[in-house]
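This structure is in structure tokens; I'll ask about it shortly.
Each chain gets a letter, A, B, C, D and E, in the order it is written, and its residues are counted from 1.
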Amino acid sequence: MSENFSRRDFLKLAGLGAATTAVLTGCGPASRFVRREPYMQMPEYTYNGLSTYYATTCRECAAGCGLVVRTMQGRAIKTEGNTNHPLNLGKTCARGQATLQGLYNPDRVTDPIQKARGTALGRESGNLLDWDAAIQVAADALGKHKPEEIAFLLGLAPDHLDDLVRELAEATGINPPLRFGALSMFEARATLSRAAENLFGKSGIPYFDIGGAQVVFSFGANFLETWLSPVSYTRGFAQMREALSKRRGTFVQFEPRLSSTGAKADEWIPIRPGTEALVALTIGRLAFELIGGALPRAFSDVDPMQAAAKSGVKLETLQRLAALFAGSPHSLAIPGGPALGLKNGLSVAEAVLALNAIPNNFGKPGGVFFSAPAPGQMESSRAASTREMRDFITKLADGDIKVLFIHGVNPVFELPAEMGFKDALQNVEQVISFATFPDETALEADFILPDHHGLESWGYQQVGTGTAQSVLSGAQPVVSPFYNTRATVDVLLAAAKLAGGAFAQALPYVDEVAFVQHRIAPLMRESGGPFSAPEIGAFSAYFQQHGGWWKKGTDLLPPNPADVLNRDLDQTESEFVGEGEFFLVPFVSPTLAEAGANKPWLQELPDPTTTVMWNTWVEMNPATAHDLHIENEDVVVITSEAGEVEAPVYLYPAIRPDTIAIPFGQGHSSYGRYAAGRGANPADLFGLHFNQAGDLAFAGMKVTVRKTDRKQALSRMESLMGVYGEGLGQEK
Amino acid sequence: MNSKIPEIKLSEEQTGKWGMVIDQDICTGCQACVAACAMENNLSFVGEVDAGYGRSMHWIRIERFWEGEYPEVKMTPGQPMMCQQCGSAPCEPVCPAFATVHSQAEQLNLQVYNRCVGTRYCANNCPYQVRSFNWRDYVRPEPLPNQLNPDVTVRRMGVMEKCTFCIQRIHKAEDKAKSEGRELTDGEFTTACAQACPANAITFGRIDQPESLVSQLIRKHGHGVKHLEELGTLPSVTYFKGG
Amino acid sequence: MFKRLFDWLRQPLGLIAVGIVLLTVFSLAAYGIFLTQQSSAQPIQFPHRTHVGFGIQCLYCHPGAARGPSAGIPSQAKCWGCHQQIAKTQTSALLAPLKQAVESGTPIQWVPVAMVPDFVQFNHRAHVAAGQNCEDCHGDMTLVTIAENPQVFNMGWCLDCHRKAAGEDEAKLLKLADCGTCHY
Amino acid sequence: MSDQNKPSVQGTAGHHDHGEEHFREKHLLLDPLPRGEMNAMVMESMQTTSWRFWLVFAILSAIVVYGLFYKWGVLILKGQGEAGVMRPDYWGIFLVNTVFWIGISHAGTFISAILRVFKAEFRRPFTRAAELMTTFGLVQAGFSVFMHMGRVWLAYWLFPYANQRMLWPNLHSPLTWDLLAITTYLLSSTMYLFLPLIPDMAMARDRSTGWRKTFYKILALGFRGTEGEWTHLRNAMNIFAFAIIPVMFSVHTIVSWDFAAATRPGWNSTIFGPYFVVGALHSGMGAVVMVLAIVRGTMKHMKYFIRPEHFEAIGKLMLIISMGWAYFFFNDYLVQWYGGDKWTKQLLHFHEAGPLGWMWFAMLVFNVVIPWSVLWNHKWRSSPWLIFFVGLFINVGMWFERYIIIPVSVTINRMPFTWRLYEPAIEIPMSIGTLALFILLYMAASRLVPLIPVWEVQEGQMAHKLTRFGRKTVVTVSELE
Amino acid sequence: MAEEKSILAVFSDLEPAANAIEHLRSLGIHDDCMNIISGIPVTEAMLGRPSQWTNVPRIALGGAILGFLGAGFLVFVSPYLYPYPIQVSSQAFVPGPPSVVVLFEITMLGMLTSTFLGVFLDSLFPSYRPMKYVPEISDGKIAILVECAVPEEGKVTEKLRKMGAESVQLAEAQHL
């Protein structure tokens, strides 16, 4: 099917588009010199001047929301949510909306290129290849090395590429692919999964039915920003709040710095970082005391008085919250965000998950489940924890890996500099990147064999984190490739064929579409899907047309609650690394996330809490700043044991005085004109400390803050005068 | 001389045609609407310096304030602020060139880009401060212009612009309904912001039809707020503060 | 020196000379502006007259007019569909560009004839549905070889027709004469 | 010229006593010179230029070319983003300058129309100097409006003409009224400048050679001074003197309506009309004394025509106008303070305590404190240089007033999320360029146009005489018409 | 008329000029044949001359009416000329108070412009043809221009000299 779409067919009618893009000059000369090119062969489903809509999957994060992209004359015009897709029901987040700015980004990698490592993309630093040569490079890389010397590093999304490489790995003995992304690091997925395993005897990402809950206690979980599946959880939040149909749900957020999720809470509890587990257990104890009956083992050890003192939350408050939590049959406690990025992150996750046993909402509406497994989801396929990444880097540094293929991830930027990924690459003979954009990692590669943009490519993605239904989200090109790029799956298939031997046998597929069809073929036999077809061609067409395949009913798995409370839970406070006086709370920018910085409109979206655009800032309590003689927009240097970061201060009224916070998402050194040289990357501050589950303890640091004598104006949407009264003069 | 032009005088009670309700209790401030609007309506991005100086081209912005002091500090619910499509709009009469006029057919405030000469009086007189001016010819490097929506005029330097309630979608839906020989149904289409909103905080529809979803919401909530209503602007956007 | 020149210019002959120079400069400027407003030649001397003469309906090649905003230029495949069966296609010098374009797979660079400015949102479908014939706006194609528009599409012309179409129907006039009907 | 040629007042007055010298020294109209001599003085003053004049002229030309034309080109090509305007300060210094220059222009009309109607005889030597300010000031105001427009090349759309879009300007808009009013005012004040100039042009024509002769000949239109010509001229000037007064008032009132008709807090004030008019006169009179002081100090023979008595008289007017301004200011302030909504109160607070609070206080000092403390004294206000500085302060103060009303006030609106402080950029060189153009035009005019309406002065000298009542000699004025 | 000669007598003062006019009249020269040219506005009464007719006020009135009509067209007619109804805010097509402003401004513009043009029309400005004139006039002198068929040219000249004319000459039209 892919042959039917040639670039020519798609782009031949430049006319109307050109007339549109021709600037608004009235009847001036510019509009007189427009040329119109007809289609060579108009696709039968295309009409002049009418839009065509294609269903596909959003690739801006790993959640896997369904998109419908409006195209016209071969151009993608607008992304909209797929209303039938169970995950997002027609909604999108800001990043999904801006995905076109990636597709038509002026700084894409346009051709396969061989280049010197560490150099920027350009004619002088590399030479363009044609695809035959590029595939030969990949084939040589596969065929001329021992299987164990070949490794794949893939993005977070569990997509068809992951499946393909996994198949390849199983058949040939190359290293199984590692999936990683900064989001999984900040979401601490491994921790969540391990906590579930410890409590319920089964690993997996829990699913929280916020929509059905009446009381939600969130310990740092930033589910309204970019946590697991933000659109789906935002919908859940809205349902919880929906005052028209039922009682308005109550939402309490425990975190040292008010996040944009916390801003929606009815009550924000600024607990002392590190005491999350303690507070959760205390609430559990107090709640049980209210309900009456024997105190379960999990909560028996905590001393509420002491907990109140340690956490900085008044005992009365804790009692009130416990009563609130105990008072509803649909109370839900969610662990997440920086709370899991503590050295005792696993304890926090367990303690908070255990709270859900109070109304025993496991497997009940408004409670905790295991996410519905996506069709065809491999047990082995899960994101790597940061510690696994560290181990992998050690392998690289030791020279055990000779060939590294990188796709969909930018570890040079996303991983802590301390981990030394960039240096480790020096010991890898050949680094081949499939990057769409010239990101920091791609620039460290020897070859860039650019993949299509997500909107130009086939595929599917398993949806594993935010839906009650079992969803395999389908992807198809909405426009023909804009540049001389090629689908990575196609490149690998061709390379494997060239490499011959086990590789060729492992991947007997004609092309990417054939592979996708092969993978979705088992679904034809499944019942409960939205469509059915007797043969794979039609089924595949339906699959793309609907934007995927999903089962109608819920497939959530109830966890086994038997042992949850019948165990000792760790209540000790988290240790913090470093000598500084401030707790550091790094958080992922809700609008940029890890890969949005190259899209100009995402840069120009105000941050939901600070309204800052185009830059990095450091949040600091105004009282603290006053004591340190720091003013708004003074540049400060944050020093951790691992490094330093410079950024201007934002006086943030809703942060603990002993805490500072910094967003992750900026600080690129390359990655296109809109990202490069802008802001700072807090990953430079992260030391190599992990929590018990192997996730990075990114929030487990204490740092020092030093004021410089420079100021840097932050680009804000808000008015300093109107919102903070700054510069208005003293009140009379 | 056209004597048959009906003279419409809006009374205090008269509502417009299209309207929006925004539930601030569930607005998470996530900026999806802002991004959707920018993508749908060919908004220019202006860069760090201009954006920080109050020259951003957002047609919709989410306002938030702070209440109280730490630790009892609270962020006020996000307040998406866009053109309120006033029934009696202060921006309209002050334009010397008739570039911003009232659409009698759609009951919207129109901004006719090509008629605008850039006196900026309308923006000055807008109590909601929701108009954005093209201070410069903002550059969209190739190939970014490929994503431009052909249904929306690309504005150039010196022209005022503002939220149109996605009038291109209104026209498109009306045209489609007409071609199928039927009436437009409620919820058949919506604005880009309402379409994107993950929390469904924005609802768009006919406020002059009692059975439409927006009218039902207004009735059910019962305590909707219209901003700066005291100025007699008859805004078409209703906010539910909730909480 | 200057004074002599000045004096010379002040006498009648000098004044006439000044006049001639000014007139020349002005005319050149006007011609220059005029030139910028001219569209260049069509790549193919497409004879609408001949095609219409064969009885081909407008909507056969421009079906978009009945369906959506844009009438559209027919795809080259459509041209070739007929032309490859016509012997003359292979021989005629006038058709050489078409043959060349189809064979080499390069698009023909048509020069648009009927255009409205970018700030006007025009929808063919509504006009066709309202009973307008193509020739009402585009002229009688049986009379022209290379299409040229019989009138300038300006706003007064549009409105004239819209007013007539509205007739006595006030609601229709409000809709048809609303600024927001075409400008957004 | 012989003594007999002196106007007939000489003959009838003919009575010398010790007081007469004093009167003659003091009052121009009692110190007649033969007309021919005055003509020669005026002609000489026009034709005398020192190297200093040309130096200043060259510097100002450079400033105009750079600050006004070059920078304006930049502004047009790159857009209003070159200026400091943004949300919410969509209006910046360009409109401040517009209001300021329209204000300046009010003085000319005030002096030559109102004082003419009320037969204030001291006006005679400087009506033209003031009228020139009106015209040139309005030119700057017009420039400033066009600088402000985002698409200035489409400015003609604001004029009523039948176009193919069948669109006329929006008569609902205060800006349209403004445009009509400024156009009316510019045209009528230019005509009013020109009418009394015709006899002086004829005078200059009779006394010059070369290109000047051609120039004056063309502008004198063939005026000889026949009975008919004088009658038509007198009639026309009378009509103008009366009719231009309401036009003048309307212009600044309408300018004030640009603000008062808006929904902005602090602007929506019914007293803005008269407040602006008085403010305009305030700065206008300040500008007149500055111009007169400079003209008197730098141009030949002008000490004869412009004397301390004139500064004294204008000083009195300035004092009254300053009081009037203070009255209207206080009225506006009090009412806003007392009954204003929260935004208005916030705005008043912002005026005083905000980052530009110094400007607010400077405005009060310059507009009220300084004039009041100087002008009450007869001697002080007779001193050209002292009153020059008072005029300077008033003009700076009035510019501050407009700055506070426009960019400072629009900072505070009903959407506190958008409040931002205006930081002018390209406006500064362009404003300086405008000022330079004004001075440049005035300098050029001072060497091309008789600054003193000689015939009016002579007429005045004929009408004035000293009469003795008992032991006292007093000045009497007879009406010639 | 047969032989027409004009005589231009220049006086330096009002009194002798007035006397001269009286004497000329007694010589049978009609007032219409005399014209006074002066460097300052000398009213007719000062010289005992019949008052001058001027059309300027009438022209001004006409201009005002024209201006008013033009403004009326803009205010009351032009809003209905639109083929499409233009509604701004909730204001009527012909708004009351703003109409007053426009009517006033354009009326005044019409009146003042026509007053100005009235001077041109009435005085036949601009006229660069040769005219009978002496430059001394702009030095404040008063000249009597006798411009009819004068039967006794010498006698008139004599008389004028006697009445104190500084100079009496046959006036020749010349470029000014």
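The rule is short, and it goes like this: a contact is a pair of C-beta atoms (placed from the backbone, for glycine too) under 8 Å apart; a residue touches a chain by one contact, two chains touch by 3 or more.
Quick caveat, the model's predicted, so the values are computed rather than measured.
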Most central chain, judged by mean C-alpha position against the global CA mean: B
Of all other chains, the one whose Cα centre sits farthest from subunit E: A
Subunit D and subunit E, separation of their C-alpha mean positions in angstrom: 29
Centre distance in Å when subunit B and subunit D are each reduced to the mean of their C-alpha atoms: 45
Length of the line joining the C-alpha centres of subunit A and subunit D, rounded to whole Å: 67
Centre distance in Å when subunit A and subunit B are each reduced to the mean of their C-alpha atoms: 31
Multi-partner residues of subunit A (each touching 2 or more other chains): 16, 20, 23-26, 717-718, 723
Residue list for subunit C, restricted to those that touch at least two other chains: 117-119, 159, 163, 173-174, 178-179
Junction residues of subunit D, two or more chains touched: 166-167, 170, 172, 176, 415-418, 420
Interface residues, subunit A side, partner subunit D - complex: 717-719, 721-723, 727-732
Subunit B residues touching subunit C - in the complex, by the definition given at the top: 2, 4-6, 101, 103-106, 108, 110, 112-115, 151-154, 164, 167-168, 171, 175, 178-179
Parts of subunit B lying in touch with subunit A, wherever the complex brings them together: 25-26, 28-32, 34-36, 38-40, 43, 45-49, 51-52, 56, 58, 61-66, 69-71, 73-75, 77-78, 113-114, 141-150, 153-156, 159, 192, 195-201, 217, 220-221, 242-243
Contact footprint of subunit C on subunit A as seen in their complex: 8, 12-16, 19-20, 22-27, 29, 31-42, 47-50
Touching residues (chain side subunit E, partner subunit D) in the complex: 12-15, 35-44, 46, 49, 52, 54-57, 60, 74-75, 78-79, 81-83, 86, 88-89, 91, 95, 98-99, 101-102, 104-106, 108-109, 111-113, 115-116, 118-120, 122-129, 131, 133, 135, 137-140, 145, 176
